[in-house]
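There are structures below to look over.
Shared chain: chain A. Partners: chain B in the first complex, chain C in the second.
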Partner chain A sequence: MKVKMLSRNPDNYVRETKFDLQRVPRNYDPALHPFEVPREYVRALNATKLERVFAKPFLASLDGHRDGVNCLAKHPKNLATVLSGACDGEVRIWNLTQRKCIRTIQAHEGFVRGICTRFCGTSFFTVGDDKTVKQWKMDGPGYGEEEEPLHTILGKTVYTGIDHHWKEAVFATCGQQVDIWDEQRTNPICSMTWGFDSISSVKFNPIETFLLGSCASDRNIVLYDMRQATPLKKVILDMRTNTICWNPMEAFIFTAANEDYNLYTFDMRALDTPVMVHMDHVSAVLDVDYSPTGKEFVSASFDKSIRIFPIDKSRSREVYHTKRMQHVICVKWTSDSKYIMCGSDEMNIRLWKANASEKLGVLTSREKAAKDYNQKLKEKFQHHPHIKRIARHRHLPKSIYSQIQEQRIMKEARRRKEMNRIKHSKPGSVPVVSEKKKHVVAVVK
Partner chain B sequence: MPVIPVLWEAKGDGDGERKHQKLLEAISSLDGKNRRKSAERSEASLKVSEFNVSSEGSGEKLVLADLLEPVKTSSSLATVKKQLNRVKSKKTVELPLNKEEIERIHREVAFNKTSQVLSKWDPIVLKNRQAEQLVFPLEKEEPVIAPIEHVLSSWKARTPLEQEIFNLLHKNKQPVTDPLLTPVEKASLHAMSLEEAKMRRAELQRARALQSYYEAKARREKKIKSKKYHKLVKKGKAKKALKEFEQLRKANPAAALEELEKIEKARMMERMSLKHQNSGKWAKSKAIMAKYDLEARQAMQEQLAKNKELTQKLQVASESEEEEGGAEEVEELLVPDAVNEVQMNVNGPNPWMLRSCTSDTKEAAAEEDPEQLPEPVAHEVSESEGEERPEAEDDTLLREFEERRSLRKRSELNQDAEPAGSQETKDSSSQEVLSELRALSQKLKENHQSRKQKASSEGTVPQVQREEPAPEEEEPLLLQRPERVQTLEELEKEECFQNKELSRPVLEGHWSEKIPNNHPDAPKEKKKEEEMIDLQNLLTTQSLSVKSLAVPTIEMLEDEVERNQRQMIKEAFAGDDVIRDFLKEKREAAEASKPKDVDLTLPGWGEWGGVGLKPSAKKRRRFLIKAPEGPPRKDKNLPNVIINEKRNIHAAAHQVRVLPYPFTHHRQFERTIQTPIGFTWNTQRAFQKLTTPKVITKPGHIIKPIKAEDVGYRSSSRSDISVIQRNPKRVTTRHKKQLKKNSAD
Partner chain C sequence: METAPKPGRDVPPKKDKLQTKKKKPRRYWEEETVPTAAGASPGPPPNKKNRELRPQGAKSTHILKKSRISKKPQVQKKPREWKNSESQRSLSGAQDPFPGPAPVPVEVVQKFCRIDKSRKLPQSKAKARSRLEVAEAEEEETSIKAARSELLLAEEPGFLEGEDGEDTAKICQADIVEAVDIASAAKHFDLNLRQFGPYRLNYSRTGRHLAFGGRRGHVAALDWVTKKLMCEINVMEAVRDIRFLHSEALLAVAQNRWLHIYDNQGIELHCIRRCDRVTRLEFLPFHFLLATASETGFLTYLDVSVGKIVAALNARAGRLDVMSQNPYNAVIHLGHSNGTVSLWSPAMKEPLAKILCHRGGVRAVAVDSTGTHMATSGLDHQLKVFDLRGTFQPLSTRTLPHGAGHLAFSQRGLLVAGMGDVVNIWAGQGKASPPSLEQPYLTHRLSGPVHGLQFCPFEDVLGVGHSGGITSMLVPGAAEPNFDGLESNPYRSRKQRQEWEVKALLEKVPAELICLDPRALAEVDVISLEQRKKEQIERLGYDPEAKAPFQPKPKQKGRSSTASLVKRKRKVMDEEHRDKVRQSLEQQQELQQQKEAKTKPTGAWPSALDRFVR
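Moving on to the complex of A and B:
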């Protein structure tokens, strides 16, 4: 006869080493652990408070430029390397871990309008006010060598922006028209134009790499197809768009930084209505860059602050500013999605944490578990008024704060007026336009 | 009405052509078409070309047919004709569109194309947006497995320990680099082909299956409790063994001798060991039980018999009765009296049975035993001589057993309690076989001896006793204790008492044993069961029929009537008691909000308590604590309003006022809030699962934009730049047509 016996796996109660924690069996009977909701609420409240306490996003300031920083570029292969171009034609290469400038080049006379790195990370391109496009080696010159560009292309007009193709030896410049260049040639392989206004920025789509987007000073955003060598569509907004940025995870989504203090996220297949209007800035938005995860983007504004927006929210989740930071001209999100860099008027490049209260460095597994749990708690109780209040609280400089108040009043007044007009006119005669549609003037085929 | 205009008169030769022209016109206008020529004069310069070719008729279209007419006659121009015919079928090319429009069309087509290309990303984008968790970087870095040779080639043994290990490896011809297998390992790899391995495996499987069948069979047979069956089986086995032995002796005397020696050795071993003596645990327990239990006693005896048989010295011719007696004495020393006594009686006819009426002594009975025994010996001899008959008998008996067993199995459902069988039969089969062999060998020897010289009858007695099947049914009746019985009366009393006492349990045992074998009994029970089921069936069917017939109809009727009534009432008093309802509600709310009195009376305290007894009014009055009158309700003077005073402002500050966005019902939201996610309430695994972050990034890793290959799409093979260089700026005519259609739409 076989006798059935209780058998336990010693793995369940024997430690592997004596340094392991003793396994403590736990009774999960809910009767023994009452008040789940209040306890978790308190935990969530504490987590939220601690998050605010530890929210110290500013990491470093890289100073060295002798004029305002006009453009920034990331190294495609190296997280620690950043390139910046200033308004006096100087290009600097920085090492973020050392927080030092490792190389300085006097690249142009006048502004460095645009800078971009080659996809392989061996060289980079700059365009300046001196009507030249220059290609530089990423590594510095050897001993005794002159600091000279690899190639220089002299153009007829001023180039205002440059971007490199994500896979091939092709780059695009913008100015009077969008030119697409082969690296080996001194003439553009094709130039595309639509209208006659200066184009301020051009960007390659990182996923479908033959697509380009550009924005011109006649308030429009134009999309191009490099393969078919033709523009695709144009959308005209209320005010000028300063720059656009493609979502690196969603091929057809891009966000435009507009002069009217807003950012517009478009689906490029349906340009007549933006997917989302992001508004929180109180002055012109000068630059925008997506997080490499494609879930958030950061925007730099003339109002001396940078803001982080989730792509599906119209309000920002975070605002960064310091007393000394002036108009922020350019901003970049690093490729590991952990940091944000911004270059501003007062000659500094600043390094921020993308997550203000995140602990840097290696976390132990328990720390990680606690972090995840706190995050989930905050998410779970985010709608409770006290938690919401604490989580949303930010200190702002007085100028921004008063601007926000002022603009709120203005907006409210406008809304009231519109409501009154609707109320006092024949029903249906005054159309109700949604906020999204309000800012799009036209879509040109 | 056709009018023939006559405008110009014929003037000389130069006018001949004109005339002809006119004539033609006149004729053509005759065919019903009203062709009117302008009355204006045309300029001469237009008509007269400077190249002396009349440009007359420049306003007219040149028809191809005119050109073809002269060609018709000559056959050499067939190819030209064909070409011209082909041209005739085509229409003229239309004017090109202006540049802006063409560009617009180009753009539109390109845009449509591009959006189509982009729409392949839709599912991926949607998936990523809804994903519970995204892990970046997206492309999985496959661990690069460098072959160990490569790793080793760049590595050198430096420390003494490493060098030692390397030396060892070299000594054992362990190849450090490629091919990494020792010669022995290689040989083993090549030793067996796949087919061979498969065949071997199949063979092994078969062997295993057979073994399991055999085991199952053995187990089944072992479970059979019938002693008779086992005895028969044993007998069969013994015979078989004997036969084989005989054959062996004839064929190969040396092997037979060896076998004999083996048997002898086994006997010696047994003699040395105490295996079958009653010193074991089981034997001791049986010895205790033997006093009361017949079966135990019997088992005891059998064991002893075996012991005796095994420990018996080889019988020499000079062996006398003394030795036997001596052996018996030894036995008596070891075994309790009762058992020995019985053992004496078991096989032979019982003295008490024989002389139940007469008053003989025990000694006489003992003396009688040997006298009766010679008969079985003779029987035994005859058996050994004529083996065929008993074997056949055995076979039939075995078959009978088989049948019985199958029957019992069938009726096993009815029978729960099995009578305790004798332990002996459960000995391991191998042991049985061994003992069988031993017995056989002894018998053989005896046979030899008897053939050679006449053995004493006493010597053969034990074997014969063992061999002879004891009549089971009669034995229990014979069990008695001779020592205590002194006188005849006593004996008689004892006898009848014992008979009464002992026969009952034994009978019961028999009964219970026989029940399964009892043929008429089992069917009866079955029948009973069937009857029961029938009855139940009957009942259930009846109840079903009742339900299905009567109840629903009544209910439906009632329902209908009720509904009608309700409908009528609703119609009649539509919106009538809303005010009353409201007032009632308000009253209830007020009641509910009033502070309640506290009753502290303890029934039965200081007085009688129980069912139907209430504490006295005085006591109740004394222990009733009246609640203080609360503040007046806020809606006291507002007849149309109920103000809920339960709402706690302090708590409200912490409560969510509006249902948050993704939730559609407040219950959903409450449920999510109420399910805890902490480790206090969840197991480790669940906790981890509940708190997984939505986005995971690896620190220090560059996250590249999503690629078509990452999500399983094929990226376009052509590079963008090659497409540009080959891209024709012009669009084919066919394409243009399509464009126009698009633009027209």
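Moving on to the complex of A and C:
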């Protein structure tokens, strides 16, 4: 007879002294872990609920401006520094860690229309309603010096926007035409126009640095190549585009913030259909900025809210609003991709977390592991109706909520009408136009 | 123990000094390895290749991963780069005799695989498909890793083997006790409790505690390993059944009238009057549900975490006194006097399934821990083992002289039956195989008729309650040797138990999720997907994902005549039509072949008895 009994030595399973850690032997055999899926589901449900409980995105409000904030700019080298221009011509530089204004400049008479920093971070440019372009030093004046711009360029017409080249000492302004300037000269290197309308914004491509995009009030978006003296091509949409923003990771993708409450992500190579139509706002979209990862962007709207969209989703994943925030005019995603800043009509700049329920500060390794595990679980069970409902739930102000309902009814009615038209006409005579193609009027090369 | 010669010892000190001069300052623990590379190693000087040893190892694991699991795992594939060059040598000059990651047996990897690759999913978009592929690859990788971690398991299961020709069933407990070590021998004991008559017993989930209740009101709980008594009371009422709740601190006792809950001091915490005349108790640990079967024919689910009755189901089959739970999917099996076993979940008013098992009433039911086999015994003196994976067909049957009144499965699939005052144990081939009923593995005769049976979790022990008290039998190879410390730890401290309790309550599975397949929640919901698609087509009036009909492109130089356009169109249409026909033909042929394979007689000649073959 050969016999062996299961006989464990307790010393192998119990800690020696109370100062030791407890011993936890593991066995990953699925038979010892029954109800794996239902338990994971419950964990995912709990994680989703906790995410909503901890969703407190609002961090700070920076007040000090005496008029609506019209434009924002990030410092390229310093995460804590932010520049803002107001409607009364005042430019303020803020320190985000202290949440304080560290410098105030009366830069222009009338609006500050645009502000941008030089790629090296030593100076910045502003354009205003007083037809001037001014270059300022980033550091304040020394003791006893006066606050003065480094250079001032007096133009003939009003400039409405400015953007700096990402690598060279060149910047572009827009107004009646798109002007490209050398920093050392007082005349533009070249001016480009296509049509005769005021251009509201111009943006350099951060990857293909010679490319520019601009949008004008005659409903078109025009693309330029700086190396040629003529524009490349343009796309005409249903309504006016307010701003565009290039994707910092994919050279040929840009997103346009449109007056028809939608955002359009275009591929520069095929402008006839947008890659994605992002709709959730209930009023004109005024500004858009990409996250440095290029996976998401944030949009500011006239409906007093900002929304975060993934680039491949047509619906927003997040909406931020407060009772006191009025029409949001400008928005920026910070370079560490953790925070969002928005400047609004009622003179405040607000700082938000990009991920509403994220815990700030240093995480211990166990916290990090738990966070990663919960994230994976949420991802795995995201399509289950109960979890989906909780994850999607957002409180909205009454005005936005009722407008969403109203617009849903309008959209349904339009669709029904179209369906009826197709049904009662000769088959094939009324084509079905997809949502993407509906909003593009023409592409001109 | 041999120690490696201290490097740098045989190097002349002058040289050493020179070298140290050249190098930047190092930590004292680094100094030991570095001079070996520089001075003492007979191999080539430390170049870049030498330092890349580890990444190369990593690369080879990558190759293994890509090639999926090797079909012949014991024969290791040696990547060619390992064989040839001297540069692959380690610092000491010796070659690694077992290069690359350790081989993993296929069966072990199979155990950890969760995704069923054979199942076809409906036609999905490219994005979803690629995501599925990524998930599958990840799953394979993790299952290989988990399989590799099996090497670290500390304990081996027990066994009992006879000399050639010797029948293990002839070996009596005294022999086993004599042969095994003292610690194991102490696990065999008898409690002589003749006064309060036949006992029911229950082990806690960790296998550390034992509770038993006598028919005449004697209830006790003890830490049976140290033999420390926790409480002992007499409830002055008949005790029908006894069960630990999620931890050893709570104890449910089915008394003559009502269900009572005691704590480990013997203090009565609750008397649940809504569960009356309860005959059997089952606790579902992950759902925190106490299932009670009563004389009145009701199956009642009590949520012990909030104290609410979740469901009270009328089985419509008279008195219920045969009950067991399926530990794999928390479905309750009830045995009835008409020979059927019905499967219940609290979410349904009707049974999930009814299985006709015996002619005459069912006396006992037991389900094994993997949820694949169910053993039943009936008044017809039959003992049957059923397959629970969809077919519900009996796998093996055996007629016992007296019939079994009590059945239980162990963690490793041993089946025990209590017949009068005899206990028989049958073993299968492996862990998940059904027990073979031909030859018993062990038998034991007790001092009174058996009234309750349970294998102790994580110990090779079988607890038997009978009219003469409690007997703890040694059954080598019954229990799972390696427990998981986070799931149920026999050696856990009080703090660990408290921590575990909070975690377990947080992930309490809702009662509505009990169904036959517990993995159904993670599968693609094909039915509602198709339904939604149908609704979308109805709403839109067209199928947005339908393939557009072929439209020939206009061609230059007068070749775009109407006739040629129609011709080209016709050509494509014909091609598609032929494809369709070919596919349907292939399908038909397959069906035909399957039918033929089914109807083919097993013998050379068709027999008259073939008509009874299912």
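Throughout what follows, the second predicted complex is superposed on the first by the 422 of 445 C-alpha atoms of A that agree within 3 Å, B and C clash if a C-alpha of one lies under 4 Å from a C-alpha of the other, contacts with A are read in each partner's own complex, and residues count from 1 in each chain.
Note that in this section contacts are C-beta pairs under 8 Å (C-beta built on N, C-alpha and C of every residue); 3 or more make two chains touch, one makes a residue touch a chain.
This is a predicted model, so every value here is computed, not measured.
Asks: If you stack the two complexes on chain A, which partner ends up touching A:14: first (chain B), second (chain C), both, or neither?
Replies: The answer is second: A:14 touches chain C but not chain B.
Asks: Is it chain B or chain C that touches the larger share of residues in chain A?
Replies: Larger number of chain A residues touched: B.
Asks: I'd like to know which partner A:231 touches here: chain B for first, chain C for second, both or neither.
Replies: First partner only.
Asks: Just to be sure I read the superposition right, which of the two partners does A:156 touch: chain B = first, chain C = second, or both, or neither?
Replies: A:156 sits against neither chain B nor chain C.
Asks: Would you check which partner chain A:323 touches, where first means chain B only, second means chain C only, and both and neither mean what they say?
Replies: Neither chain B nor chain C is touched by A:323.
Asks: For A:424, select first, second, both or neither according to whether it touches chain B, chain C, the two together, or no partner.
Replies: neither
Asks: One more residue to check, A:43. First (chain B), second (chain C), both or neither?
Replies: Both partners, chain B and chain C.
Asks: Using the superposition on chain A described above, determine whether A:30 touches chain B (first), chain C (second), both, or neither.
Replies: both
Asks: Using the superposition described at the top, list the residues of chain A that contact chain B and also contact chain C.
Replies: After superposing on chain A, chain A residues 28, 30, 33, 36-37, 39-41, 43, 380, 384 contact both chain B and chain C.
Asks: Sort out for me which residues of chain A touch chain B in the complex.
Replies: 28, 30, 33, 36-37, 39-41, 43, 76-77, 79, 165-170, 180, 182, 189-190, 206-211, 223, 225-233, 248-253, 268-269, 292-295, 312, 335-338, 362, 369, 372-373, 375-377, 380-381, 383-386, 445
Asks: Any idea which chain B residues touch chain A in the complex?
Replies: 103-104, 106-108, 110-111, 113-115, 117-119, 121, 125, 128-129, 134, 136, 653-657, 660, 672-674, 676-683, 687-688, 690-693, 695, 697-708, 719-721, 723-725, 727, 729
Asks: Report the residues of chain A in contact with chain C in the complex, numbered from low to high.
Replies: 1-8, 10, 12-14, 22-43, 46, 380, 384, 419, 422-423, 432
Asks: What part of chain C is in contact with chain A in the complex they form?
Replies: It is residues 111-112, 114, 146, 149-150, 153-163, 166, 168, 171, 175-176, 179-181, 183-184, 187, 286, 327-328, 330, 369-370, 431, 458-460, 474, 476, 479-487, 489-493, 495-496, 506-510, 513, 518-522, 540-542 of chain C that touch chain A.
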